[in-house]
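Below are two complexes that have subunit A in common, paired first with subunit B and then with subunit C.
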Partner chain A sequence: MKFVQNLFDATRPAVTTGKLKGLYPLHNALETMFFVPNHNAHSGAHVRDAIDMKRTMVTVIFALVPALIFGLFNAGYQHHLAIGQIESGWANFWTLENAMYGALKVVPMIAVTYIAGLAIEIYFAYRNKHAVNEGFLVSGLLIPLIMPVDIPLWMVAISTAFAVLIGKEVFGGTGMNILNPALTARAFAFFAYPTYMSGDKVWAGLSNVDGVSSATALGQYATTGSTDYSAWDAFLGIIPGSIGETSTVAILIGAVYLISTGVGSWKIMFSAVLGALAMGLVFNGVADLMISPEQQSYLAVPFYYHLVFGGFAFGAVFMATDPVSAAHTERGKWIYGFLVGVFSIMIRVFNPAYPEGVMLAILLMNVMAPLIDHYVVNANIQKRLKRAQTVQA
Partner chain B sequence: MYLCAEIFAVMPNVHSVRNGLDLPILGAPEAIVDGHLSASVYAVRPSDFRGLAPKLAVKEGDRVLAGDILFTDKVNPQIAIASPVSGEVARIERGEKRKILAVVLLADSQTSYRSMPAGTPANREDAIQWLLSAGAWSLIESRPYGRITHPEAQPKAVFVNGMATEPLAVAPSVALAGREEDFAKGLQVVGLLSPRTVLSISANETAPALTKASGVEIHQFKGPHPAGTTSVHINRISPLNKGEVVWTLNYQDVVVIGHLARTGNLKLERVVSLCGTGIAKPRALTAVAGAHLETFLSAEMKPGAYRVVSGSVLTGASVGTTGYLGYYASQITVLPEGQGTDFFGWVIPSFGKWSISRTLFSWLTPSKKYDLNTKQHGEDRAFVVTGLYEKVFPFDILPMPLLKSMWSMDLEKMEQLGAYEVVPEDFALCEVICPSKQELQKLAEEALDLLYTEMN
Partner chain C sequence: MSTEVKPQEKERLFSKKNRKLLTDPFNESNPITVQVLGICSALAITVKMKPALVMGLSVIVVTAFSNLITSLIRNYIPNRIRIIVQLVVVAALVIIVDQILKAYVYDVSKQLSVFVGLIITNCIIMGRIEAFSLGNPPWKSFLDGIGNGAGYGAILIVVAFFRELLGSGTLFDVPILEPLGVYELGYKNNGMMLLPPMALIMLALVIWAQRSRTKSLIEKE
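Let's look at the complex of A and B:
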């Protein structure tokens, strides 16, 4: 501890005044990671809450851990299952082989995301002379978790770079972005490299394996109107899908943690679920009106199935709740969350080109969030004006 | 049956404040008034008076009586600041560009007062003239902006604050004990100033001086801080619209005015809470505005690195151990200065730290109090988290949009979003709990100053 402090102290002159000036943001980021600095309140209130941005962000990372661990095992399980190495069933799920396979795929993805993203963050911190913000700590873990396991690492790197540059830094960095950076990365990959982001090969590491496939439940729904997977399997998570999205149970654990710590907005999560259920119910009601039998069958899927298939749960808990890109007002959060739910299911069911609608629904609502806030704020303004008029009258 | 009791409890004049926070801080004062803060040097600092540009009325070496004018406002010369003690003007402390920092007085051992005619004024004009000529006008603040009021203003009401919910404050019942007569007399004078006089008291108040106060409209408030702040009272009882003015006073200022009416002497003495864990024996005592703290604190403070705050931990000013008590201050808070760095302090689950969030463990022990120090616990960051300020901001105002309009100095938006209804101190709790460590009081202060300059 003392040794680490000495190390930082010894290297500080080099990065503040010496030749390595450009590395100061990196030095500062590392030092403040090891030691919360001895800053004291210097204006206004003399005491401060012990929470800071780092703790807020690390809370989200903790909440992601169950989904990450499950994703590691599931990546291996789906692969080994597809190539016929193992029988399906829980007995073959929590095995070292599965974990090893998953880790070999996922850990490099995480490393690449952090390296690519943080390098850009540190560059901009240097360029704009501010400290490295913590926002990317979460984005850097979210990005791998919403990618298919088979995506090449260079695509991860480019998607991440795109998200950080165009999704965040051009708007002024953490806190200023309009779109959720992690979803921006996924959207970029989705449209730039569609063959690596959809289909029935990429979810189980089968790109180089001929003759076997592993389609996602939503992929099957979009083509045939039904799926081979049971809702129970989907709830538990032993189905193909993006790394972190499959297990609703693991995501729920994260959700409980986020809500209990107060870091994630329960209003957004709850209203997103309400929106999805409402849309599902509407589809159930109008299923008979559809022309094609596939559509009829897809619309007739029990409305609550939508909560456990695909990335809805992950999106609602970890993506829609991003405080920067979500609605900022408390009333706005209800509307925002509800519409995220509605559009997720609408896009999912009605647009066969996008078997998963959550990503686009949240990005759309990210763009709409300021508009929602505008009306909520305006209502407050109108109320105040009305009060003034009543007094004058 | 309980339901019935609940319904009956919600009478029109009882207001419940739900959003807020009673800071769990150790060092509460004992509920007795014990002793007097004696000092031989006093100072009056223009910075205690928001927006006032001082024009000196005395020079070094002048002899003054308690109640004599030390300086006036350049813009409104009627606004005059009176000396709290009698003695000699020892020096005028100046800063950059000869800005006046303080008028320092060497006090007589026995205070002599500039005598005013005692007795209650007859009507509003008399009362205003009488307060102005006695040097007591500085006790009346006006909203919007929270500055000393202009005598020509026509307030729709006067709000007397009979509460003290700031951390470690002395209960009004303690501070008023023995001063009931002055308080009642003061209320009579204050009652002349506007068509409506509102006295806000705690729902648990027991002191008859407050609960049975006559000639005023009594409103009761319950709930955590800021339930006891004038801003909340105004917001709940008669919110300020654009163009409206209210005048506000603290109950201790009413006592000063009452004493003036009774004796003719402007005695700027208050019951002050000597509190915080840096104080060996936290308690209430009497103190005269502007008292030099050095000699007194050297006997009262524990050894160690402490911050001396004139006022509360939320809104007070750090004055140092050699500083002076503020002109309006009713608290001297001495709290530990933060020391050293925290190894992985942002991720290690530590039980000794306090947070309103549930990311630490303090929520498991809601009644536990902490020896809070001045640590910022993190670095300055951009706004990220939303929906947090609302938890401690019990106004019908959207805090984040208002703060953002202040940030961008958008006067029209500020006005629309309720800037007239707040003073910088109302953002103190938001500032405490902000994970991005934003300096919100400073921001609001600058924004409201600009709004004032543009509107007047």
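Let's look at the complex of A and C:
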């Protein structure tokens, strides 16, 4: 490590006072990635805490690791299964071959996302003369995890660039964005290249095998009203789907870690699950009133299925809890999370064009979050005002 | 003692001031990107270059002639009913344009559908009549109309250029990307470009680019 430290020390004069002044944000970003910054406060009293933005972001990345590792194995497993090389079953899941195939597909995606996103971030840091923000550390890992394995790398790059530029930088960078950047990237890819993303045939690393592809559970539901995958398989995660979204178990491990470190809001996660369950139950209840059989069959999907299929768990744990774009008030978080759950299931069931509703539900609620906060804050003011008046009277 | 009145110096047809009337709407007072008028039609008809061009031309004709006509009769219009008079003039011109489009470019006219008729509600036209031609001589008003119509059309063309090129891979329905061979490299058309939200985003990017170039447009905080 001494060598790295020396390297940074040696190059510091060049970027602080020397010719390469413009590169200071880049230097600073790389240095703080390796070492705890030795910045000192210059005035006033400051409370110093080890949880700065970088630590928060790294915590989220740790929480994503189980889903990522499971995704690697699952990518290889689904691929080998689809080309008929292996039998289905857990015996063939945790194999080196699967992991190798998954890594070959996923690692380039992660690399492309980071290169495309960071290039724009660094350019804007340089242009606006501020340090490179850490926000993209998480977005850069989230984006590959919510993409199908098969998507061409250039689409990943364009979606990432769009999300960072239009979703974040035009609003003023990290912390100012209205929408979750990772979901913005997915939404862009979803609407721009629907054939790659549309949900029914998004899987499975098969570009070299023509005519073979496996439908996701939600895709099957949207077209036929039933699925081959059991809820238990979906819970464990050996079903086709985007890289990080399939295994509810792996996501739950991440959720526990996020909640225990206090980084993710348990209120949002919990109320999102409540919302989804409530909506699922309502749909189950009214299923018999529907006339057309397709509508009926989708409405009658057992309510707990919605929690384990598709990207719901991933969205509720990692996307809806984004501290920037979620509601900020404590009561607002309950409302926000609940509505995320409700709209996710509603879009899934009612709109056959969008087999997956979580992305759109969270983006919609991202937009609504400031409104929720506004009313929660106002209600609080009114309440206290009333109290003060009764005390006075 | 002569009471000879010194003849007023006649302003040249394309004096500096008049030229400014033509060129200003392209940048500093562009109807779409600066005054944010006429957005709805800009979103609706910029999927392809051809309708955008035809729409731009139609709006140039309507703004120019409605400005000219109202300016000619500006001293005879009773102030109270001026909006009705303006509407009559604009409506007549729009109907003429609509009929001409139907007669000569029927397919484009079908694509533009209601938006030709809706030129009458385009805020640019009423805005220019109210703000300019009611208080200025005919020639100037005519130039102002052409300038604003063209400023509007220019933005439509820019937005439509990117939307058609990236969304369909064509320009004026002529394949551009296919002969270049980019599809063989794995390129796919961007379906989002064909959806209305992308027009809004393209417009925002145009405004961004324009403001970075013309610093005088940036509001002081």
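Note that the second predicted complex is superposed on the first by the 371 of 393 C-alpha atoms of A that agree within 3 Å, B and C clash if a C-alpha of one lies under 4 Å from a C-alpha of the other, contacts with A are read in each partner's own complex, and residues count from 1 in each chain.
Simple rule for what comes next: a contact is a pair of C-beta atoms (placed from the backbone, for glycine too) under 8 Å apart; a residue touches a chain by one contact, two chains touch by 3 or more.
Nothing here was measured: the structure is a model prediction, and the numbers come from that model.
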>> Touch test for A:18: subunit B only (first), subunit C only (second), both, or neither?
In response: neither
> Given the touch rule stated above, what does A:302 touch, subunit B (first), subunit C (second), both, or neither?
Replying inline: neither
>> Just to be sure I read the superposition right, which of the two partners does A:55 touch: subunit B = first, subunit C = second, or both, or neither?
In response: first
>> So in the superposed three-chain picture, is A:383 touching just subunit B, just subunit C, both, or none of them (first/second/both/neither)?
In response: first
>> After the superposition on A, what does A:323 contact: first (subunit B), second (subunit C), both or neither?
In response: first
> Is A:89 contacted by the first partner subunit B, the second partner subunit C, both or neither?
Replying inline: neither
> Which one hits more subunit A residues, subunit B or subunit C?
Replying inline: B
> Which partner does A:47 contact after superposing on A: first (subunit B), second (subunit C), both, neither?
Replying inline: first
> In their shared complex, at which residues does subunit C touch subunit A?
Replying inline: 186-188, 190-193, 195, 201, 204, 208
> Any idea which subunit A residues touch subunit C in the complex?
Replying inline: 152, 154-155, 158, 166, 170, 188, 191-196
> Residues of subunit B touching subunit A in their complex?
Replying inline: 23, 25, 239, 241-244, 307, 309, 313-316, 318, 333, 335, 337-347, 350, 353-360, 362, 372-387, 390, 396-398, 400-401, 416-418, 427-429, 431-437, 439-442
>> Quick check on the complex: what are the subunit A residues that touch subunit B?
In response: 1, 5, 32-56, 58-59, 131, 133-135, 173-176, 260-263, 265, 267, 323-324, 326, 328-330, 333, 373, 376-377, 380-381, 383-385, 387-388, 391
